[in-house]
Each structure stands twice: as structure tokens, then as C-alpha cells.
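Per-chain residue numbering starts at 1, and chain names A, B, C, D, E and F are given in the order in which the chains are listed.
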Amino acid sequence: MRPSGRTASQIRPVTITRHYTCHAEGSVLIEFGNTKVLCNASVTEGVPRFMKGQGKGWVTAEYSMLPRATHTRSEREAARGKQGGRTLEIQRLIARSLRAAVDLKMLGENTIVVDCDVIQADGGTRTASITGACVALADALTWMRAKGIIKTNPIKHMIAALSVGIYKGNAIADLEYIEDSAAETDMNIVMTDTGKLIEVQGTAEAEPFSFEELQDMLELAKHGLRELFDEQKLALN
Amino acid sequence: MRPSGRTASQIRPVTITRHYTCHAEGSVLIEFGNTKVLCNASVTEGVPRFMKGQGKGWVTAEYSMLPRATHTRSEREAARGKQGGRTLEIQRLIARSLRAAVDLKMLGENTIVVDCDVIQADGGTRTASITGACVALADALTWMRAKGIIKTNPIKHMIAALSVGIYKGNAIADLEYIEDSAAETDMNIVMTDTGKLIEVQGTAEAEPFSFEELQDMLELAKHGLRELFDEQKLALN
Amino acid sequence: MRPSGRTASQIRPVTITRHYTCHAEGSVLIEFGNTKVLCNASVTEGVPRFMKGQGKGWVTAEYSMLPRATHTRSEREAARGKQGGRTLEIQRLIARSLRAAVDLKMLGENTIVVDCDVIQADGGTRTASITGACVALADALTWMRAKGIIKTNPIKHMIAALSVGIYKGNAIADLEYIEDSAAETDMNIVMTDTGKLIEVQGTAEAEPFSFEELQDMLELAKHGLRELFDEQKLALN
Amino acid sequence: MRPSGRTASQIRPVTITRHYTCHAEGSVLIEFGNTKVLCNASVTEGVPRFMKGQGKGWVTAEYSMLPRATHTRSEREAARGKQGGRTLEIQRLIARSLRAAVDLKMLGENTIVVDCDVIQADGGTRTASITGACVALADALTWMRAKGIIKTNPIKHMIAALSVGIYKGNAIADLEYIEDSAAETDMNIVMTDTGKLIEVQGTAEAEPFSFEELQDMLELAKHGLRELFDEQKLALN
Amino acid sequence: MRPSGRTASQIRPVTITRHYTCHAEGSVLIEFGNTKVLCNASVTEGVPRFMKGQGKGWVTAEYSMLPRATHTRSEREAARGKQGGRTLEIQRLIARSLRAAVDLKMLGENTIVVDCDVIQADGGTRTASITGACVALADALTWMRAKGIIKTNPIKHMIAALSVGIYKGNAIADLEYIEDSAAETDMNIVMTDTGKLIEVQGTAEAEPFSFEELQDMLELAKHGLRELFDEQKLALN
Amino acid sequence: MRPSGRTASQIRPVTITRHYTCHAEGSVLIEFGNTKVLCNASVTEGVPRFMKGQGKGWVTAEYSMLPRATHTRSEREAARGKQGGRTLEIQRLIARSLRAAVDLKMLGENTIVVDCDVIQADGGTRTASITGACVALADALTWMRAKGIIKTNPIKHMIAALSVGIYKGNAIADLEYIEDSAAETDMNIVMTDTGKLIEVQGTAEAEPFSFEELQDMLELAKHGLRELFDEQKLALN
């Protein structure tokens, strides 16, 4: 049994609040249960130096946890003077995933940065970030179209992400912190709403996992992600 | 006339939401109009090295703006690898002000860090931070008393802060961004609820100011701060 | 057809040279074709602060590419003043994988750091690093046993890693640089010699991939990894 | 009574030595009693990036204490790898104050940096810095005029700064270290020689201060600053 | 007697392997006994900003020790976030020495960076680096001529470097680690193959040295360096 | 002929002012012509971690140039966030030289840091630093003896340093900036007052130098250093 009483495949209640802050071109507060992430998409003219002159745009992301998003306070990365390895790993994942959702050629030489700041953490901050960031990105692209900066919508498909894992020997979906910290295996799946895979990252925490367990987790992810795509659609309509 | 139609002495609507996040010992979202700051107070055992063995506690603060709290995105300080001068100046002000509110001897060898993270900025982020942080601090101290960590409440007085300025030749209270960026003089006052001063920081932006203008601003601050203390009391009861 | 003329499942020639340098307790030069990584395992007494007093040991890893390991020179990370996101991501992967191979309780309060320095890169530097690091780790543990620092060998199973990918629509194993840079999907699998999974990391580069393609890649990895385990055994005997 | 036997309003002997070093366009050693600060103004063509194309100049400042300017040695900031919060706060104050003294439009696209390096500290290093820096700035502007870089003198008014405070219950002017470290309130006032205010920064150290005490301190500052302006004039003639 | 049984003037066996890695324009593994340094020369178009527009090229060098090149592991400089003083001192020496070997005007506006990475250290890493780097530089210049980037060879003379020292009261050549760590005086000489001096750096470690001892060391260096020039010539033919 | 009209062997006027600042245990302003360096020696109890428990003391040094010590302003190292290679190289040289002057065992577990801050530069800042630092060190040791911290004076011999070089084909002593920047060879010699060598560092700037030129420079240094030892003695009596 799961601590929350959820079934193995049951994801937490999802809330997507658009236009959460007033300055960003796309601003989404996404909640996966007690996990709350603010995703702000910012549009700027021009592209980073390594992309110049290719007639293409750029999409990137940054991720951070507020120091007291967690049970105990973590040191502020700005005060430490550098971003930790976990932070960099997660923001690289978010950025790669978002770029897979967009046709960069249709974006023109413009950049969209999506900032994912975790207000409160209870497991699944990276999957909530990706799922919310895609909505913020969609809003920013709509804004660009309204402003005449782009002619057509460069979104190829929506993307969303879900964590799955092996917990007490069983595959479960959308782990909260208490499950995550005790799981034998932890896995994050990023998928398109057309049912294809963007990222698959599975890690044995306590025990190596079998190919069969991998299949079970993939199956759970596929179903849970359908629900996330429904939530995204609902929010965007 | 002020852009918002407010009178010279009129402060913006203030909202103080306690228990905003679930992990921090004190967690307050404070809003001064469109300015929104999350103030999380974290209690930890022990004190920094330079305070050890004195039988006293320590209170400090950190301040940050989310990259897209403002009209245009600012670079993330964690990514740049250092906190800017403005950030350090503000967090030093918040920390000093909070320490003036607490009897450190009564705190025991414990540390409270108050993180002030600006979710949305529209002028007055440092004054909102101080005003909200004092409520979060009060909640954290109540929590410590409930846990038996301290016997009596070490708060000496509540503190709050308000910005005042000279705008188009007149003294006004609680400047929003559009006023702040055009003001001749910008001033921040931190006061105790017993009517004494903790900090007075006035800066000529475009024009030097006269001693008379200084008096006008101080007068406005004194009155506006009364309202802030009322809001704090209301929130805490 | 693959540029090298290899079949889809064919991995490159693997060479494992033990005792490559004279100071390290375990020192292995591993070659996957033109990719050459020096893996040095260093044993030290004691554990990092966060592990103290648990009676357990610690295994970690660092990864770096020599500036001219690649076609064009990359800036030296020590000169830039920080390790890049890619570096941190890879060394976290190597370290996690190695820890999954060892019973930390049997290690006593000792630390093993495995440095993986890429002398020459031609794709697959992280998989070569893991495969070679496990041999260096085994040698360091043998050294510890010879010195009487540990009584029994704490290795639970050998681990190895292989890259697989979708290249021109087909699943292939052990991508070299020219394939890697053109692949639709890139995936790294870390496995135990008992046939269980440690890490699965698949990334869509140009195109999302299907669940079927994922299965094809997993299948190729399983077979290629058998060969790597054979090479490790050969080297260790 | 004050430790030095000075009256409450009595400032320390002030010495201003121009042309102290031979390379800088303006070079002033200023002494407030035992506090000695070297203020070097450097003129360079061009302005920082954020000022380009506005036809205006830029004035900025940097502040530092030699490691052994104080009773005990402080760590060298260059060795620590970053400037502390106090340093940044002070150099921002000096720079803002100097900019308030100059018409940036009349400066053309040129930059003046004033370096304030504290050779010996005994309280009041920031006020001595500002007072000396304004003389160095005046010399640098004279040099620019002599070289034909500017046509007319862009100085709007001289500025000077003085510390005041509440010490053993009384307002006093120009605190030396022994007073400063024991003061209830510490305040720095930057004024123009036309009697207007540039900066007012008052901080309660041990005790909040009343509005009446604030008035007393302002009054002392006004008088002490007259003397500083006399010293500046004397030095410049 | 020397620990290795060598005579006072006898240098260790020298091995120079060209084309050691496949990407660099010049790639040399040089061995002085157990000291092994990989020297990779990289050619790039353009020069650093401070050299622009002078019609001249630039030659520079970077030096690093792999963390476990030595008896005990040293912290990785990239992880520490800065290069140590010893590293910077050595790479400045290598770079200055190499620039003395080349006519920068004949190089055109091109840059050559020589990376010297110490694979295994047993004393003399800086002298081996310089001696090997000059061969790598020569190969890179040959490559440039073959590509038509330069018309004539800008090498003025070959350079090589040797350590000498006072060990147990006698001058000896080419110190290995065990001698170096016990030597009274340590000296490094960089010379041209035309018998002139580029650098002379002698340091008293335990005891000041006399002018006579200096002469003895210079004499030993002169002879040992002849052998190094012979090895370079042999390798290049 | 030298620009200043000096003869080849003639050093600049030397001024040594003791007790230049009031806080340091040893404080010396040394002037070699227009080169002015403030050398402050600070005594602290205890030694750095790597020296603990050996019953020995430690002597070290830091070096810095004020930003406008030179003809044009250099960036402040504290603002850049790191010390440059030249700075580190010089401070390592000063520190090594000072340690050669002192019997660390007789110092007890105490540390002396000598800060050499260049107020004005005109060539020879490192040699002036060493020569002045040794006097500041002597004063600090006298202070320690007066305080009863040490029983006997741990100075083994005084040290001083002089620059020599090849300028327009001739060996000259004590180069000023205009000579230094045009010299073919630049050399710094650190010697004891007993006539032995501590450091010899010669660098070919424009042209390699012959063994004969090296002898000429050494000879000049030997004579010039005698004069420096006389100045030190004069200052200390």
C-alpha cells in the first residue's frame, strides 16, 4: 500500500494555473499534489552566440528550488556561488525536452527561457516542471503570434513528464517524497502527446532492476501521462 | 496625481497570508499591491562559528528576486555565480532589521534564517520583505515555544518597513515601480511598533533633497507604518 | 550501413590495460575503438562529512576531458573556474553506477575516488569510463584486501555500460562520434553482470522515439554488454 | 565624554593631500584623524556597455580596505575570490554620491573610476572616502578640461560626507572606531555644498532611535559638513 | 650517491612519442623516466583580444596534473573552481618559453595553445612539459605550412628545459621526485639549441646556495640540455 | 645611457619608513625611486592546517597592486573574483624568500603574514616588496619578543632583492619601468646579507641571453644588494 492510499497507477491531483504572475509572456503555477512549481517563460529577441546566423530560435530552461521548498533548508545556490550538479542535470533535462516540442526554425532568431522555480517540493519536481513549462511555453508562443513576431505556431506536439518507480517491489506512478526516498528504482519519462518518447531516465537506487520491472514502469508512465495531457488541454482551453 | 490615483499618503492594499508553504517553521506570502514576496523562516540548532560559545542566538536573512519577477528577465544569480551588490545590500538590511526585533540572548544557541524570495515585483520589494519577514519570524518563534526550544518569546517589538519618496516634487508613500523609477528621491524607513526607528535610508536619485523634504517623507512614513502594524496584528490574530 | 562498416550490433574493439600508471591503487586505460579513457582509483581513509559515523564507506567519481581530446579544443574547465553541466551529469552517473556495484558497509569508513580522464574522444566516453572504472575499482579493492584494510571483497557484481541509439532509422550499438552526432536517439545502459539494470538514459536528439525502438535498443545493449563483461573478466584474470 | 576629549560636535583634524601618487588623473590622500584613505580618480575613454550611445558619461567607484588597515588582519578579498557585502554596499554608496555631483551629459562618453583604498582605518572610512573622492574627481575633471576632452566643468556642486551617531545617549559627530563600535545608532550623511541631501543612512545598532535623536544627528551633520566643505575648498585653492 | 644509481650529470632515459592522440595538430607524449606528460598543440584562427590588429600570432600554454599523477591524490582544480598558484606559475613559464622559440610575426593572426597534461609525475614535470611542448609546437607549425596557412617556418630555434639542483651537497641533473623533495636547491633552466638562455629559475629550498654552486648547476644543465636537443632531433627525423 | 642618467650599476634612492601604519606589528613603507610599497606584517596565533602539530611556525605573504598604481588602471582583482597569475607568482616568491630568512622552529606555532601592497609602481615592485617585507618581518619578530611570545630572535639572516637586466645590450641594475618594458632580459635576485642566494629568476624577454650576460647580471646584483642591506641596517638602528 502507498502511504497516501493511492493505487499503484494513480497520479496525484494536478492543478495548472495560467497567468500566475503578471510580467512573463507565459506564467504557469503547476501543482502535483503538494509539489508546486512556478514556470515563467520569457521571450527575448536574438539568440545565444553559438546559434547566431542560422535563422533558428532557441529554447532553454533554468531550474531552482527555493531554499525552504524542502523539509530542511538547503543552502541558496546564489550564495554558494554555483549551481549544484543536481540542478544543472535537471535544467538540462527540462531544456532538452522543451526543445523537442518546438520547431526551432519556425521560431525565428528569438529565444525563450523557461524558469522553473520550485516553491514547495514533495517529489516529482522535475516532472512537474516539464509539464508546467510546456504550458508556459505554449502561452509564450501564443503571445508571440499575437504580437506578430511569428506567423505560425512552432509547437510540434505537447510534452509532459511523469515519475514512476519500484516501491516495495511494485511499480507505482507519480512518487511523492516519502515514496521517492524509499524507492528501489526511480524513473522519469518525458513523452509527447502523440505517444512517443523524449526522455527515459531510470536509476537503481537501492537495488538493480530487471527488464520486466522496466516494462511495468513504462506501462504505468504511458497511462499516467495521458492524464497529464488531458490536464494540459483543459488548462489551455 | 499618482498613476494609480492614490493620494500621497495612501499605501497599497496589503495582504498577509500565513502558512503559505508547508515545510517552513514560519511561511508568509506578503503582497503590497502587485509586489509579492514569499518569506520563509527556518529554525536550526546551533549558531554560525563567529557566534559560538556566547549563549546567544542568531537571526539572518537572504533575499532574491525570481528571474522573471520583473518586466524583463534578469540573469539568475546562481547561474552568474554571485549575488549582486543590490541583493547583498537588501539582505543585509533585512537581516539587521530583524535582529533589532529580537532579544538574541533569549533565543538560545539557535539560528533563524528568513528567506525573502520575490515572486512578483512592482516597487517596494525590500519593505514588503521586512514587513512579511517579521510575521514569519514571529510564527517561527511561536513554533519554537510550542516545541519547548525556548521558554519565553524573545520578540522585543514588531517591525515593519515602508518606502517613501519625492515624486514630481511631492512626498508620497509606498511607491510602485512606475513611481519609483521616476522619483527624485527614494527612501526606506524601518520602524518598531513602538514608534522608534531601526533604519532610515534616503537616496537622491535625480536631484538632491532638502531637509524639509526629508521631514515630509518621515511624516508620511510614520503614518503609513501604523497601517502596516495593524495589518500584521490582524494577520497574527 | 554504418560508417565503419560495423553491423548494427557490433561493438568496437575493446582494450583494457591495467596498472597503466604507477601511483594509483587501481589504474586502467580503457579503449573503445578510438575512445581512450584513463581510470584511476584512489583509496583514502575516512569518508566525507555527510557520511561520518555510519560505519560505511563511500565511492565517488570525477570525469574530465583533456582540452584536446576532441576534434576542436574545448576550454579547460579549471581555467574557466567551473565544471560544465555535461561534466557534472556524467560524473554523477559514473559515481552512482559504481556505488551500485559495491556493498558500502563492507568497505569500512574508507573512500574510493575514481578519476576518469578522457585522453581521446570518439563517442561513448561515459560508457567506456564506467566499464573501465569498475575494473580500476576492483583492483583498488584487491589492494585494500592485500593491505588488510578490508577482510572480504565488497563487490556485489561487476558493472559495465554501453551506448545504443537510433541511427538512420535503425538501432545500433556502441556509437562512435560520427554516428552519435547524427543519431535520432542516444541511449546509455548500465548493467550488472547478473543481467540487471543500473541506469537507463535515453534521449531523443532529433526525433521522438517509439516504445518499439526503445525495446530494440534495450535488446542490443543486453547483448553488447555481455561482450564487455567478457573483456573485463579477461583483463582481471 | 568622548574618549578623545572632543566635544559632541567636534570633528577630527582633516588633511587633504592632492597629487599623492603620480599616475592617476586625480590622486588624493584624505585623513580624518587616524583614518587614511587614498582616492585615485582614473579617466578612460568610452562608457560601460549599458550606457553606450546615450551621449553621456559615467562615474563609478570602488572601495577596499588593505588587509591590515584594521586592528586585526582581515582576509584579502582578492584571495577570497569575492568582495564582501559591506564592501559592495560602501562602493555603491560612494559611486551614487559622486554621480550626484556631476552632470553626466557634460562629461561626454567618458568614464571616471574613483578607487578608494583604505590605508588605515579608525572609523568613518566611507565618509572620508566620499569627501576625498570628490576632490580627486574635481582634479580629474580639471585634467580633462586642460587636455581639451571636455569644454566646461561638469561639477554641479561639491559633495562631502560625515558620520554622526548616538553614543552613550548623546548625538556626536565624526565617530572614531572606539565610539563607532559602542554606538547605539550610526548614521552617515552625504550633502552638497549647497546644503541639500544626497544620502541619509541611519542604522540602529543596539537600540532603536527616536525621531528626536534623528533630528539631533541631522543638525550635527549639517554643521560638521560645513567644515569639510571648507577643507575641500582650501585644498583646491 | 643518487637513489637511482645515476651519476651526478646523468639524465633519465627520454622517450618522445609523436602523434600520440589523433585530433591535435601536434601531439607528443614525452617521458623523462617515470614522468609522463602529454603535450597537445592546437591551432586556431585569430588571436586573443589584446593582440588584435597587430598582424602577429600568439602562442600560449596550459598545464595541469591529473589528480592521481602523484603519490597521493590532489584535488581536481576544475572541481575546486580555480587553478592553483603552482599551476599558473608553471603554465606561464611554459608559455613564455615557447613564445621565445617562435617569430610571432611570421605566424600571422593565428593562435597555438599547447596543453601539457601530466599523466604521471616523478619530478621534472615542467621541464618535460617544455621539452615535449616544443616538439608538439614544431609539428603544429609543419601542419600549418602543409595547409598553406603559413609560408615559412616561424621557429627561431628549438628549446628544451632541464632541472638541476643541489642534493646532499652536490650538483645533480634531472632530479626525480625523491631527490627533488630532499634537495637543498632546485633550479630549472630553459635553453635554446643555439646555447643561449631563455629562463633561469633557482630556488633555495632548505639552504641558501653559493654563487659557486650556481655555476656548478649551470654547467650540468648546459650538458644535459645537449642530450635533450639530440632526442628532439631524433624524434623529429 | 639610461633614461634617468644613472650608471649601469647605480640603484635608485631607497627610503625605508618604519611604523608607517599604526595597527600592524611591523609596518614599512619602502621606496625604490618612484616605486612605493607598503609592507605590513601581521602576527597571529596558530598555524594553517597543513602545519599543525609540528611545533613550527609559518611565514607567508600576499601581494597586490592598487588598481591605479600603474600608468593605466588595471581591474581590481577582488572585483574580477580572482588573483592573476602574475600576482600569485610574485606572492609565492616573496613568501618563499621570507621563509628562507627565518628559523620556523623558533617561531612556535604562530603565523606571520606580510601584506605587500603597491601604492605606486615604477618597476621593481617585487624586489622592493621583498626588501621592505624583511624589515617589517624583523619588526614583527621584535614585537613578539617584547610580548614574550618568543624567547629568541628566529631571524637567520636578513634578505633583500634586486632586479638586474640586459638593456640595449648592457647589464644594468634596478630597472625602472621605462627600462623594464624595453629590456632584452629581466632578472630578479634574492640574496642573504651573508652573500648567499635565495632565488635567481632570469627571463629572456625579447632575446635569449648568453651565459656571459648572466654572469654580468649576477655581478651587478651582488654589488647593488650590498647597498640594500646597508639601507636595511640603517633603518633598523
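In this text, a contact is a pair of C-beta atoms (placed from the backbone, for glycine too) under 8 Å apart; a residue touches a chain by one contact, two chains touch by 3 or more.
Keep in mind that this is a model prediction, so the values were computed, not measured.
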{"item": "Reaching chain D from chain C through chains that touch each other, fewest steps", "value": "3"}
{"item": "Matching chain pair for D-F (criterion: over half of the contact pairs shared, by residue number), options B-D, E-F or C-E", "value": "C-E"}
{"item": "Reference chain D; chain at largest CA-centroid distance", "value": "C"}
{"item": "Mean-CA-position distance for chain C and chain B (Å)", "value": "50"}
{"item": "Where chain A and chain B are represented by their mean Cα positions, the distance between them in whole Å", "value": "33"}
{"item": "Rounded Å distance, chain A centre to chain C centre (Cα mean)", "value": "28"}
{"item": "Touching two or more other chains - residue numbers and ranges from chain A", "value": "81-82"}
{"item": "Going from chain A towards chain B, every chain in order around the ring", "value": "A, B, D, F, E, C"}
{"item": "Residue numbers on chain D that touch chain F, as the complex places them", "value": "21-24, 27, 34, 36, 38, 40, 42, 44, 62, 64, 66-73, 76-83, 87, 113, 115, 117, 119-120"}
{"item": "List of chain B residues in touch with chain D within their complex", "value": "82, 85-86, 88-89, 91-92, 96, 100, 157, 187, 192, 194-204, 208-211, 214, 218, 222"}
